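Here subunit A shows up in two complexes: once beside subunit B, once beside subunit C.
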Partner chain A sequence: MNLVRLNRTPILKQLHLEEKLLRKSSTNWCIINDGTDTPAIVMGISGKPSELLEIGSVLRDQVPVIKRFTGGGTVVVDKGTVFVTLICNKDDVPGVQPYPRSIMSWSGLLYNQVFKGIADFQLRENDYVFGNRKFGGNAQSITKNRWIHHTSFLWDYAEGNMAFLKQPARAPEYRMERGHTEFICRMNEYLPRTDFIEKTTEAVETYFSVKNVNLEATEEPCGAEFVPSTRLLSKQELEEALGPQPEIIGVSV
Partner chain B sequence: MMISRRIWQKRPPTSSWIFLRPYTSQIAVPSPSPSLFPVQTPSLIGFLSSYAASSFRSVYKISSLEMPTMVSRCCYSNHALADLPASGIVDVPLAQTGEGIAECELLKWFVKEGDEIEEFQPLCAVQSDKATIEITSRYKGKVAQLLHAPGNIVKVGETLLKLVVGDSAVPTSSSDVLESVKPPGSENSPDSKLNKDTVGGVLATPAVRNLAKLYGINLNDVDGTGKDGRVLKEDVLKYAVQKGAADGPSAASVSADCREQLLGEEETYPQTFAEVKWYPDDKTVPLRGFQRTMVKTMSMAAKIPHFHYVEEINCDALVKLKASFQNNNSDPNIKHTFLPSLIKSLSMAMSKYPFMNSCFNEESLEVILKGSHNIGIAMATQHGLAVPNIKNVQSLSILEITKELSRLQQLAKDNELNPADNSGGTITLSNIGAIGGKFGAPLLNLPEVAIIAMGRIEKVPRLSDDGNVYPSSIMTVNIGADHRVLDGATVAKFCNEWKQLIENPELLLLQMR
Partner chain C sequence: MALRMWASSTANALRISCASKTPAFALSRCFSSGTQLISFPLPIIIFCKLMVLDGLKYASSHEWVKHEGSVATVGITDHAQDHLGEVVFVELPETGASVKQGGGFGVVESVKATSDVNSPISGEVIEVNSKLTQTPGLVNSSPYEEGWLIKVKPSSPSDLESLMDPQAYTKFCEEENAAH
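And now, the complex of A and B:
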């Protein structure tokens, strides 16, 4: 498995890279991005902005909204988010079948190793939690021969940013109607950031023989033009999603 | 895994074979890969299910169409049916993608009707919960029909598409393999009462089905003019027109209702009809609510002698002010905009020119100088034009105005403004620039004597004293005034005062209490 370490790489760039590696490469990859450069909202592939976001606030604060190529829910990411992605050939992980539950369980085992002795880590429904508070959200995409499982870990987050997200209609049962601040927690209360990244790398090494590579290595296997489906939503799309609002102020300076 | 093999009875050539589509499956059958159900002998027995026959029957809700000897999937054995073509149409269902997952959303198709596909070729992408999954084909064949459109929720076991498998393409003796449901024993009554809809007996693409649904048309009632009796878009439209003509007023009122419902959502309505070759029809729209009120108020306003005064206001300082408010804002629920500052400075200016904030009594020829500055804000909502007002602006801070404005905006959006919010206004601001235009010539909101229309703040080039060009944010305003009460000089002086406060907001501090 090739391990790529990134630091403050923009999340859009990371997602483009991941999609390319999933679809075009034939090797296994692990990508760890230690924070993204600016705050952004990342929705799942079928996310509808009007249902998931407080669009008025998003537009006013000009927060970029990205629709990624994997399923799952909506997150606000910033420099306090640590991203860990695994891209594997379906036959390269013993005991893991290429469908969601199987991959999710296996990832739970992996992270169990990371947090052993540190915190009450669990895979709960599809989330990583300490106790009953979520600190990591997951999403996947499964293709003919490969799959990707990527996680955004809440190392730290800004309270204000959570205000961009509506209470989602589809939520795991264990959430029990809690608002964002009651439902999530920060990883920084449990272990240092560098420790987390190191332990994750070690855990991956128990399943694969890992080779550290740099970003240039990701260019090689892919060759031909690849057009990713992950994209930034335009201001117009968001405004349309906002729907008819009483037009009282629209001075656009 | 037991295969159920049924022998089809030979039928007279005029009738068609029965293909029942499966209903929702309640079984979670673990499948090793997210592809379609395995087929035991691909070429001849296109039987997809791996269920035992008995469990199959109990799971799939068999409609009354089923004959005891018939099975609900396309199934041919060439032993008994030597004179039928070797290939056939197979239903391809959404297989189980993980235990506990009962349904998926179809995200996109990778193939279209008529495409030749290979074994293991990706057919579509679905989403379940956290994962997007590519569904691959277990067969080599040709896509006969896609049964779902992207965005549809598909239950596990429900048919996703129909494939023609086998060596030949769609058989030329197409009547035999047409997917049209006829109950056994009543094949001579093509318009059987038995519910063909539920078994999807009509050949039509998902787009055509959606169109028919939109018009409330039963596809079975439409004559298909396409190949194999397929119902085309034109057939649906033609039928809709005929139906409309036959039904007369009821059709017109249905469409009128649709139009009414969609008032204010015009951006979506034309899209639906963009591709439709529709025969234009007159539509009658009765006016209600805000629109009805507008008829009355505007008719009265038109009787008043208006004059209009136009001025440009430099908003550079206002832009900086707003930025400062935003940067120093710690409350995430408050969003700062230009309007509250404009409203407050308007109130300050009106304190100096109280005639601008007055009402005129025609009968007694009296002008009532109003004590409160209740500034109305015109809002275009999906229910029509609403003008709620902020009461006593003279006593409110800019922050309080911001909050009140937000409250009124939310109520207007939800059509929950109460009469108190809508009445008692003393002057009105209309930010038509929010929608577009340089400036308007607004009509008074009676019994007020002044109304101000504000255009967009635009960045335009200006010449400095030394002849250099610099950018400036300029807003054009048009003050409409009742010439029975106000004269040009009063309005001009008032406007100068307001303009000065906007261009030099620090002057507000001099006068604030």
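And now, the complex of A and C:
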């Protein structure tokens, strides 16, 4: 497995890279991006801005909104987010079938190693939690012969950013209708950032022979130009999702 | 939940009523003892509690195709929907798009994952199942009927020859499950 370490790479660039490597490469990859440069909202493939976002606030603060190629829900990411991505050939992970639950379950075993002895970690209704508080959003995409599992870990986050997100209609039972700030927690309350990254690398090494490579190595295997489906939503799309706004009529006095 | 849905749909197919005295899960007991290939008078083969329909052809990526004259209907198998989990979103191509045998034409989303759906045959998409926009769960509850994905005008009838018949697909699923 090739391990690529990034630092404050823009999340859109990271997602484009991941989608390309999933579709065009035949090698296994682990990508760790230590934060993204500016805050962004990232929705899953089926996400609808009108249902998931406080669009007025998003437009006012000019927060980029990205629709990614994997499933799952919506996250707000920034420099406090640590991203860990695994892209694997389906036959290279023994005992793991190329189906969502099998891959998700395996990821739970991997991260169990990372957080062993540190916190009450578990994979709960497909979320990574400490106790009943979520600290990482994960998602997957499965092709004929490969799959990707990627996670955005909340090492830290700005509470104000959570205000961009509506309460989702589809939520795990353990959420129990809690608001964002009651539902999620910060990893920095449990372990240092560098420890987390180091332990994650060690856990990956128990499954794969890992080789550290630089970003240039991701260019080599892929050949012809690839057009990703992950994209930035336009201002027009967000405005249309917001719908018509009431006209404010001033009254002269 | 998938097993209960399967039992219920099997009951419907066999015209067996599932009244309150005969809960849906009771049917599953008949097939709980190991892997069995059971042929019914109706064109249904029950493999390890999942359905494989006679009269269809199957791809190793778990899609089925039903060829009727100049139209071929494509969907995913009961095995596939069971392994995917609850489908919450389906993305399909536009009519007029070309599909290639073995190539992806859409995705289904389940359990936070997008999974490619591949076409068993080459041709032109002439219809897509618009019901799946509002009711993606039809892929789970009725994978061979209401949950069909696309209809294709085949460009190469010989494509069907490389696909599996129901018995071969049943064996393929058995071997795949045994390998894990």
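The rule we apply is simple: the second predicted complex is superposed on the first by the 247 of 253 C-alpha atoms of A that agree within 3 Å, B and C clash if a C-alpha of one lies under 4 Å from a C-alpha of the other, contacts with A are read in each partner's own complex, and residues count from 1 in each chain.
Just so we're on the same page, a contact is a pair of C-beta atoms (placed from the backbone, for glycine too) under 8 Å apart; a residue touches a chain by one contact, two chains touch by 3 or more.
Note that the structure is predicted; figures quoted are calculated from it, not measured.
Asker: Which term applies to subunit B and subunit C once both are placed on subunit A by superposition, clash or fit?
Answerer: By the criteria stated at the top, subunit C and subunit B clash after superposition.
Asker: Examine A:Pro228 and indicate which partner it touches, taking first as subunit B and second as subunit C; both and neither are also allowed.
Answerer: Neither: A:Pro228 stays clear of subunit B and subunit C.
Asker: With both structures superposed, pick whichever of subunit B and subunit C touches the larger number of subunit A residues.
Answerer: Greater contact footprint in residues on subunit A: B.
Asker: One more residue to check, A:Gly71. First (subunit B), second (subunit C), both or neither?
Answerer: both
Asker: Under the stated touch criterion, which partner chain does A:Glu240 make contact with: subunit B (first), subunit C (second), both, or neither?
Answerer: In the superposed model, A:Glu240 contacts subunit B only, not subunit C.
Asker: Now for A:Ser57: first (subunit B), second (subunit C), both, or neither, which partner does it touch?
Answerer: first
Asker: Now for A:Ala163: first (subunit B), second (subunit C), both, or neither, which partner does it touch?
Answerer: first
Asker: Please indicate which partner A:Gly95 is in contact with in the superposed arrangement: first for subunit B, second for subunit C, both, or neither.
Answerer: Second partner only.
Asker: Tell me the contact category for A:Gln140 with respect to subunit B and subunit C: first, second, both or neither.
Answerer: both
Asker: From the superposed pair, tell me which subunit A residues show up as contacts to subunit B and also as contacts to subunit C.
Answerer: In subunit A, residues 44-46, 69-73, 97, 99-104, 126, 138-144 are touched by subunit B and also by subunit C.
Asker: What does subunit C use to touch subunit A in their complex?
Answerer: 61, 83-85, 88-89, 91, 102, 104, 107, 109-116, 118, 176, 180
Asker: Contact residues on subunit A for subunit B in the complex?
Answerer: Going through subunit A, the ones touching subunit B are 44-46, 56-57, 60, 69-73, 97-104, 126, 138-144, 159-160, 163, 240, 244-253.
Asker: Can you name the residues of subunit B that touch subunit A in the complex?
Answerer: Residues 32-34, 97-101, 105, 107, 120, 122, 127-134, 136, 151, 264-265, 267, 315, 319, 332-333, 335, 337-339, 377-382, 386, 405, 409, 412-413, 431, 433-435, 456-457, 459, 473, 475.
Asker: For the complex, give me every residue of subunit A touching subunit C.
Answerer: Going through subunit A, the ones touching subunit C are 44-46, 69-73, 95-97, 99-104, 126, 138-144, 170.
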